[in-house]
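You will see chain A twice below: alongside chain B first, and alongside chain C after that.
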Partner chain A sequence: MLQQCISAEWIKLRRSYLWIVMMSLPLVSVCIGCANFAMNQGVLKNEWYSLWSQVSLFYGEFFFPILIAICSAYLCRLEHANRNWNMIMTAPVSVGSLFIAKVAVISVLLLLVQGFFFILYVAGGMLIGLQADLPPELPGWLFRGWIAAVAIGVLQLALSVRIRSFAAPVGIGLCMTFLGLGMYVMNLGLIFPHSLLTAGMGVLSQEGLGLGSSFLFYVMNLLYIVVISAGVMYRMRSTDVVS
Partner chain B sequence: MIHAIRLEFYKLRRRFLFGMTVLFVCVELIWALMAANMSFARNPDRVGWEPVIAMLTSLNGLFLPILSAIVVSRICDMEHKGNTWKLLLTCSMKRERLYAAKYICACAIMLSVCAMQGLVIAAFGTVQGITQSVPGFLLARFMLGTMVASMAILALQQWLSMVVKNQAFALCLGMLGGFAGLVGDLFPAAVRKLLVWSYYSGLSPIAQNYTGNELQFYVRNLSDSLPEVGGLMVVAMAIYLAGRFFASRQEV
Partner chain C sequence: MNQIVSTRNLSKRYGNVFSVNEVNLSVCEGDIYGFLGPNGAGKTTTLKMLLGLVRPTGGKVKIFGKELEANRRYILQNIGSLIESPSNYEHLTGLENMRVVQRLRDVPDKNVTEALKMVRLEKQKDKKVAQYSLGMKQRLGIAMAMLSFPKLLILDEPTNGLDPAGIGEMRELIKSLPQRYGMTILLSSHLLSEIEQMATSVGIIHNGTMLFQGSMEKLQARSRPAIRIKTQDHAMARELLASRGFFPKVQEDSLLLENITDSQVAQVNRDLVAADIDVLRIEEQTRSLESIFLDLTGKGNSL
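Here is the complex of A and B:
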């Protein structure tokens, strides 16, 4: 049942040209980050680490959360059009499968975006002419970034399932991005999804999370994913759709 | 025409668009005013209106293109989503008039945002105890520059939101525009002039410059800014007319 739902989600994404959005936002942030790094090499002497601080700043703080919001809103767009919620809720599949399929698809999409960002980062560094080896923390930054992105994706899906408008969840997501930045600055980074992304990807500090912080990071993300998903599924089961 | 504009506002009832706009602007204002407050605490000799206005113009470059994209997308998407284009056209509503009504509606929302920012700056400065009186002329110039830049961006966003049903692209453009607005000052002048999003800081009455390690604020001459304001208004009109032309000839 779940597999069929996932297949249906992929079919809905065909010819959506969502890949243009998925590629353009990381591309712009890496280009600007690399240009800034190349122009300030006198100050930024830490090779790959300095490059990461430049490219991940705009990507992790602004572009990636908005990209997640846009992808999540897109995954619910078809359901909100033409009274499709009525049709989809009468399909012989469980509500849980419907939502988990969306979570699975957004997770794969975000993994692809992270992979593309990794390729751009390495290509950018090589074009600039960095000689050192890649930082050993890089897989951790990317993986933790993906985990936090999935948590944000679930939160955005919850908003997009509830709100018919395409733009409103994106706007709310942007406000949460700034709230997350504020919470990170106030050392409350491990309790809010958007600041978990900042902490996990090492956007503002590349020192890495300690053992305790890493544990808390994974627990908080898991908690957000499970609790929000359970809440959305409960609501979909118990409340009538509005089309 | 007045009727068409009133109908646009009527359609926005209970859509929480105004609430979301206020929420969005509040986030921006809190950020800007907190930054200004911290700057004043560190440098008490620099307390004045100029840093507050300059801080808000920099943040406008990031926030307002995204807000414009959201506002326009919501105004246009309701017609796409509700399949109401045919219905509207059978009510003998000309497409050009509908396009204009939507544009004026979006402009009115952004105008209220500019007014809100102007009032909050005045209130903040008064509460902070800035010794100079409220600079009405500077605030009027700030609001004019912000509004003209927003008009050009709204025209561009409306063109995209009307022509392309998938609003992901309009929001992506808004996001890229926000980025261009934020880093626009770092580009060479020739490139900066081509980016409509960079005019939030370009038309600001306050300019910033580093002299040594010190950040200095100075008031731009009005005579230098006016041709840019006029030029951007012409560009906004050209984008609006081009968008209206293409949107009106599109098959429903």
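Here is the complex of A and C:
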């Protein structure tokens, strides 16, 4: 049943221009990051690590959360348009699997974005002429970034399912990004999804989370994903479909 | 007969206003049930409650003899529906839209081909829906509703947006479905003429309340004929008829006699002629369903 829903979601993504957003935003972040790195080589001496600090700053603190918000809003706009909620909510599948299918699709999309970002980062570094080996922490940053991105994705999906407007949830997402940055700075980074992205991707501190924090990181993300999803599914089941 | 849909005191209240008030809908197997009412009467809300899209504030829905709440998936498996305007993904082609429903309903490819053929969209199936005309979108919506060839098909204003030829075609298609596929059809409309030409049973709803429910014949039986008599001299004719115990209604330039037998008509005619009042016309006037409908729903509300 879930498989049916996911495969229906994939068909809906055909012919969409979402891939332009998915490719251009990481590209812009890496370009700005690389340019910043190249112009400030006097201070940024730590090769790949310094490049990461620049590139991931623009990506993790700004462009990636926006990208997640846009993807989520797009997946929901498909249903808000043309009264499509009427159609999918009368399909003989559970309401839960309809939402989980969207979460699954956005997770895969975000994984692709992370992969693309990885390629751009390596390519950018090589173009600049970095000689050293890639940092061993890199897979961890990317993976934890993806986990936190999924949590943000679920939060954004929840907003977009509720709010018919495309721009409003993206705007809220942008505000939450700044809020997340504030909370990270105040050392409350592990209790807010957007700060979890900052922490997980090693944006502001590359020291790694340590065992305890790392455990808390995964628990918090999982909690956000599960609790928000459950809330959305409950709401979808118990309220009228407005179309 | 087997009841496919039955509701008991089904109600939906928004604030203090009942959008649907204690409706007892009953649709039997093989019926084409016409659900008739002016705009905003509560038709769509009722249909949405049958599909679980809207939660009733009171009453129960039973479909295929099972409670909707507890058997949602089984029931939806056997219903195809088109509610309000047609649903579709505009950036996809007609065929891709069908594929989305095909995945969700897990039906074989041949259903897709057949449903598209039935609504005559097979030539346009590779065109983006954004380029479809309103009528084509409507036909696609019906094809999507029919995709699983369900036991019950719920169509909300199915001929909306179709041109006259398209309406005729759709009417023939809908009428053929019960025999061809054993479907039961529940369709709503605000146009009596449409329901009259398709439906075998009728429900008339107004301001959320069911005013009439029964077979089409039962509704037509309400159109009792009256006799209209036109004479040279109205006033004298009325006086004469009154002395015979008839009190006709004056309608424009003629007199209208209700509940009158043939022999009484003959007698009245004879009396009028004998009294030297020339009878110009005697004719039977059947009330159209339109006027019955207007009587039921009140004339103040236009259709």
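The rule we apply is simple: the second predicted complex is superposed on the first by the 243 of 243 C-alpha atoms of A that agree within 3 Å, B and C clash if a C-alpha of one lies under 4 Å from a C-alpha of the other, contacts with A are read in each partner's own complex, and residues count from 1 in each chain.
The rule is short, and it goes like this: a contact is a pair of C-beta atoms (placed from the backbone, for glycine too) under 8 Å apart; a residue touches a chain by one contact, two chains touch by 3 or more.
This one's a predicted model, so the numbers in the text were calculated from it and none came from an experiment.
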- Touched partner set for A:28, first chain B, second chain C, both or neither: first
- Item | Touched partner set for A:111, first chain B, second chain C, both or neither | neither
- Query: Of the two partner chains, chain B (first) and chain C (second), which one does A:166 touch, if any: first, second, both, or neither?
  - Reply: first
- Message: Looking at A:174 after the superposition, I want to know if it touches chain B, chain C, both of them or none. Which is it: first, second, both, neither?
- Response: first
- Task: Report for A:240: first if it touches chain B alone, second if chain C alone, otherwise both or neither.
- Result: second
- Query: Does the superposition put A:86 against chain B (first), chain C (second), both, or neither?
  - Reply: second
- Message: Under the stated touch criterion, which partner chain does A:16 make contact with: chain B (first), chain C (second), both, or neither?
- Response: both
- Query: Who does A:66 touch here: chain B (first), chain C (second), both, or neither?
  - Reply: first
- Residues on chain A touched by both chain B and chain C 16, 81-82
- Counting only contacts in the complex, chain C reaches chain A at residues 48, 51-55, 73-74, 76-77, 79, 81, 83-92, 96, 99-101, 103-106, 128, 144
- Query: Contact residues on chain A for chain B in the complex?
  - Reply: 16-18, 20-21, 24-25, 28-29, 32, 36, 58, 62-63, 66, 70, 73-74, 77, 80-82, 164-168, 170-172, 174-175, 178-179, 182
- Can you name the residues of chain A that touch chain C in the complex? 4-5, 7-8, 11-12, 14-16, 78, 81-94, 238-241, 243
- Query: In the complex formed with chain A, which residues of chain B make contact?
  - Reply: 15-16, 20, 23-24, 27, 31, 66-67, 69-70, 73-74, 77, 81, 83, 166-172, 175-176, 178-179, 183, 186
